[in-house]
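You will see chain A twice below: alongside chain B first, and alongside chain C after that.
Our next item is the complex of A and B:
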């Protein structure tokens, strides 16, 4: 009897061959790299330190197929998802595939590019930067995106250009007969002193099962300022594993805000790499989950040079059986003196069965730094509830208002009015559900 | 208006009785002061009347305009016109004074079949109440009590009272922690709010407050009961002789155990 040992990799959960028909040489090179890595990277298990708490069944019990074989539904009228501030700065991807008809790009400053990467495969910035910073060691997911993506959002800002309107990257996922996978990709290259606001959205239009594995790469050169909001409203049956990474140079500012509302399983590993002295960055998050949702954030704030400010406020509200995990790494290299880094994780538990794991992880090799962290887990404060209750509000309303107030701080950082409004509506929907 | 009969209360889930048979009657247009040493149960009385879930009434009743409100929730009592100015007003980050008050005002209006105010109407209404307590506009945009000084918190309680226009207010040690200027402003506000149709019960430790808000009745509370009632001269007597002496005298006369 011969025994066949089947290695458990990402491919174990995929139906058929991964095929990419990208025209661009640069993209094809990444596809090939991804395939090689995929075959040699085991799928994570509970024995892996970074995967200890998370239940990956939402992925493991499925076999995801390429969207071309999934009988995916038409996208329909999606105009309600357009942002009024970004009517001419919008790229739309449906199930990971670029949709030119729904996208709308005009009135950009000279030499600014916002478009589908497959049209810009020969652009120097693509050749130079695509896939260069996404080195997630022993990671099965970034290589999966590498292997499978064909279309991608490409944003390029030349020196000293500012795009005033927010750039809206709208990733939509439609209903389908079969569970499918999608690999949205975003490459942002901001040359010296460029400036932009990026709203990256993921919206599930139905309640179907799919696997969304996006990779975003942000390369900011000296003095570039970027505000990056990521709003995850995937289908509540979907699994979403994100790899957003940014590398920033001297005097650059990168402020990112991830809002997690959807998906049955959400795993997000944001990473910011300080690539020169004097930077400022933010890795904020807001998680509102209920039912049997799982949301896991494993972030890395990687300080490699001196004089950097970084902060992270990760706020979580958990209801029903939902489960939140937070692991916040702060790395400070040996010579990275005068780093000022602050991390705070605040968790609000609304039910007895909800679960929260939180862990700060500071690895500091410099001796003249200020790094602080804090984590709290608690229920709503009874005295606060009674105070509002005694003013005539029902107990239910008092609780809703307090949860709303807890979430508000994160929403107010959005800077784009319609996005703020959209998120407030989502917060109200979350707090007032029956 | 308010009639408390033989009220006994314990901390929810515990056996220790804190109110041991309180009797109190308050009519419209009256101002009462309840004085007593620490631990006498006077703050508990105000919480029990406002419906704090921490306490359980084990005997007796609270009648408000003839209706027994002992089983009502705190918000239902507020809808009837009860108000508690907290001894320790709670900080609620993220909710502005304006938001709370509009929500509270309109909820109470709805419960009483009165017309609700839209945001613009409410704005006019709330602005008209600002000078009751000498408040600035921007105060409305601040999160409830968050980062307020002790005096500002107490002023905010009286401001809320002015906006919600309750029928019966319990002021729980509203004077504690106030400097003389703040005490004058707060007292002045209370005096402006007091009229023939409403009533106020002040809970206080010190006679000082009563120099600024003149009560019609003064009650002394000790060990979970009101042991003596009278007019302002009772407060003066307390100030002169202290609670100990009064307790001893009453014991001699057989009025207290």
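Our next item is the complex of A and C:
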């Protein structure tokens, strides 16, 4: 018996070799590391606790090829996706590759860097922080991004600098003949007392199959304030597996909001690591899914030091055959006293064939803490529907309005007006569809 | 603060009150497990062939299974080859009265404070006392028989009511349900069997006290309660065990079946030896408890006070199959020293308008780890179902941990699930407030803890509630800071 047993790894679903032609030494080092990890990391199965409920067929039944072989279509006019507040603070990546023509970065304070990482490969912040906090133990997705990325968004804020305009990272995915993969990457380094708002968007321009595996790394030093919105509007045929991670220092504030609207399969594992005392962070999410969409969020709020506030509000609306999964962990390490952490997961199940799994999880090793979570799965309140109905709205309209109100809370926390508007339009589109 | 912690520590340090052993001669039986041993065990118990087959099948199923590791606890796996799977006090002539019971055994019960004699009769409680594995004394049988209630040891039930045992045994917890249920099915020694006929309210509370008394003897109890249409029963179970250094395995299976309009209440106080300060010794308590609300409007309620055992893995569950059925789970789990408890419940909603309530209170002190693990599942056809869960944890001291793993899923849009959990400590302000009113620190802490667990303890039958309160105080004496 000399048969070699074919291991099921990420590579089983990739056509051809993963190649990166990055010039930067720092990036190449990460590429190599990722490649090594990929060969030995098994592809997740339902037997893995973290992948128990999710159906990965959207990935498994395809073979994804690199973009250069996919015959990707042109981008066309994308100006409608520009944010008026961020006209000159915008980076555009098409299928994971930096597009200088569409990007515009002329409106930045001194010494702030917003650009393609391959041009800043020698920057100290890149050398020091790229790929250092991402969690590689879990599965093959972060290593896959590591192995394949060439271009990446790099944002660097020196001490006591604040960027007033929101920084818009626009990831576009075009139509293509073949299913392709893309590995957008974002590294943010905010030095002491810096401040910025980042809008990270993923937009599928057509209704095609692709695999989007982004990794974002946020390193916030003492007193830095960051507002990070992630808006996922991938093609409804696409699979999107995200690995956003943030590590924050004393007095830093990191508020992240993930809005899931698109993709057939969305898996998001946000993680915030408290790296010093006295921090404040948010890991919010809004998921609006229908059809046969699957959205799975596995978040970790990792409290390693004393005195921290954290908050999570994860709202989900499920319609048709859609399936939502939520697993939110709150960790409190030994000696991380005086942590105040609250997690809330609200699910609205609208259809007979929809499905919701939720598992809010507390793992507490310190005694003087206040940690709580609440999770609900429910339907629209009949009395509320009746109330609106009695005020002259049709029943249909009443229901739409109530779903809209349910989603509103998450949308209102967006600090950028045009983003808020855009999301409200999306919510209306979701609630009033036929 | 540090003084409070010290007070707390001293409370935790309370020695195990029931650590003594009884000298009773044991019949010879080889150690270890194999098909021959299973057959031999069945033979010694004089069992019919179908029972032997059941055991042998279960043994082979167990052989194929792997010992689970998914829970939040670490322990040295029991050496299954080194366990004694059969132990029974030496056969005595048929007993006519209490006086015929082995005096040693009687003394043991007295030390445990089990009023097997007249007090119990006055209290109106029938006792099926299981000493190690074989029932040695059963009282009130006649009174129960009058009402038509069958309450006997499992061995007797296998002999006398084979049709009922055949019909219901393993119908709720299948042999292959899990590693420990398979093992239990193969080698279960004895247990209680209870059958409440149609439209009968069981005339008294039923209770079993059993204790592990033989070093290296695994305890494999098997309890089956069947409540026919319109009947109701309340069953109490309590246990204490002597102090040993060798870890002892306890893998019981409890099955409850409630038919139309039936009502079963199952209460447990568990206070087995939990090991010493350094986690040496103590009982492994790996119990599979499950009830099925088979009929319409039926109800199953689990109440438990878990204070003992080195490692507890226990998830009393309810399958809500009948329409309008109700499942309840009330639990207090206290861990101190090096104890590890991974306990919770499962509520599986299958029928329409089914309701379940989960109230779980965890208290961890010392260097213990206390986890709540629960599952609430609303099936596709469970229209209009509701679940409400609360699990609160309290931490006492800086070296313990509290964890919550609630799995919630719903496939029905007309149902609703609510879950909330908190983790906190005994507030210094609360203690201060009470002390300021002239209450000693110790009493203040005791009051606060009693308040914390009140919602659960009030569900216990009165006889148990008193015992439960005492037990909590003893366990946590000197604990809180």
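Just so it is clear, the second predicted complex is superposed on the first by the 430 of 434 C-alpha atoms of A that agree within 3 Å, B and C clash if a C-alpha of one lies under 4 Å from a C-alpha of the other, contacts with A are read in each partner's own complex, and residues count from 1 in each chain.
Basically, a residue touches a chain if its C-beta (ideal position, glycine included) is under 8 Å from a C-beta of that chain, and two chains touch if they have at least 3 such contacts.
What you are looking at is a predicted structure, and each value in this text was computed from that prediction instead of being measured.
Peer 1: Return first, second, both or neither, reflecting whether A:393 touches chain B, chain C, both chains, or no partner chain.
Peer 2: Touch partner of A:393: chain B, not chain C.
Peer 1: Report for A:91: first if it touches chain B alone, second if chain C alone, otherwise both or neither.
Peer 2: So A:91 meets neither chain B nor chain C here.
Peer 1: Should A:358 be classified as contacting the first partner (chain B), the second (chain C), both, or neither?
Peer 2: Second partner only.
Peer 1: Would you sort A:406 into first (chain B), second (chain C), both or neither based on which partner it touches?
Peer 2: first
Peer 1: With the two complexes superposed on chain A, say which partner A:379 touches: chain B (first), chain C (second), both, or neither.
Peer 2: Once the two structures are laid over each other on A, A:379 reaches chain C alone.
Peer 1: For the three-chain arrangement built by superposition, which of chain B and chain C touches the greater number of chain A residues?
Peer 2: Of chain B and chain C, more residues of chain A lie in contact with C.
Peer 1: Look at A:130 in the shared chain and tell me whether it touches chain B only, chain C only, both, or neither; answer first, second, both or neither.
Peer 2: Once the two structures are laid over each other on A, A:130 reaches no partner at all.
Peer 1: Just chain B (first), just chain C (second), both, or neither: which does A:336 touch?
Peer 2: Touch partners of A:336: none, neither chain B nor chain C.
Peer 1: Following superposition on chain A, which residues of chain A contact chain B and also contact chain C?
Peer 2: none
Peer 1: Can you list the chain C residues touching chain A in their complex?
Peer 2: Checking each residue of chain C against chain A gives 70, 378, 380, 393, 395-425.
Peer 1: Name, in rising order, each residue of chain B that touches chain A in their complex.
Peer 2: 50-54, 73-75, 77-79, 84, 86, 89-95, 99-100, 103-104, 107-108, 111, 143-144, 160, 164
Peer 1: Going by the contact rule set out above, which residues of chain A touch chain B in the complex?
Peer 2: 381-384, 386-395, 397, 401-402, 404-406, 408-409
Peer 1: Per the contact definition, I'd like the list of chain A residues that touch chain C in the complex.
Peer 2: Touch residues, chain A against chain C: 49, 53, 334-335, 347, 349-379.
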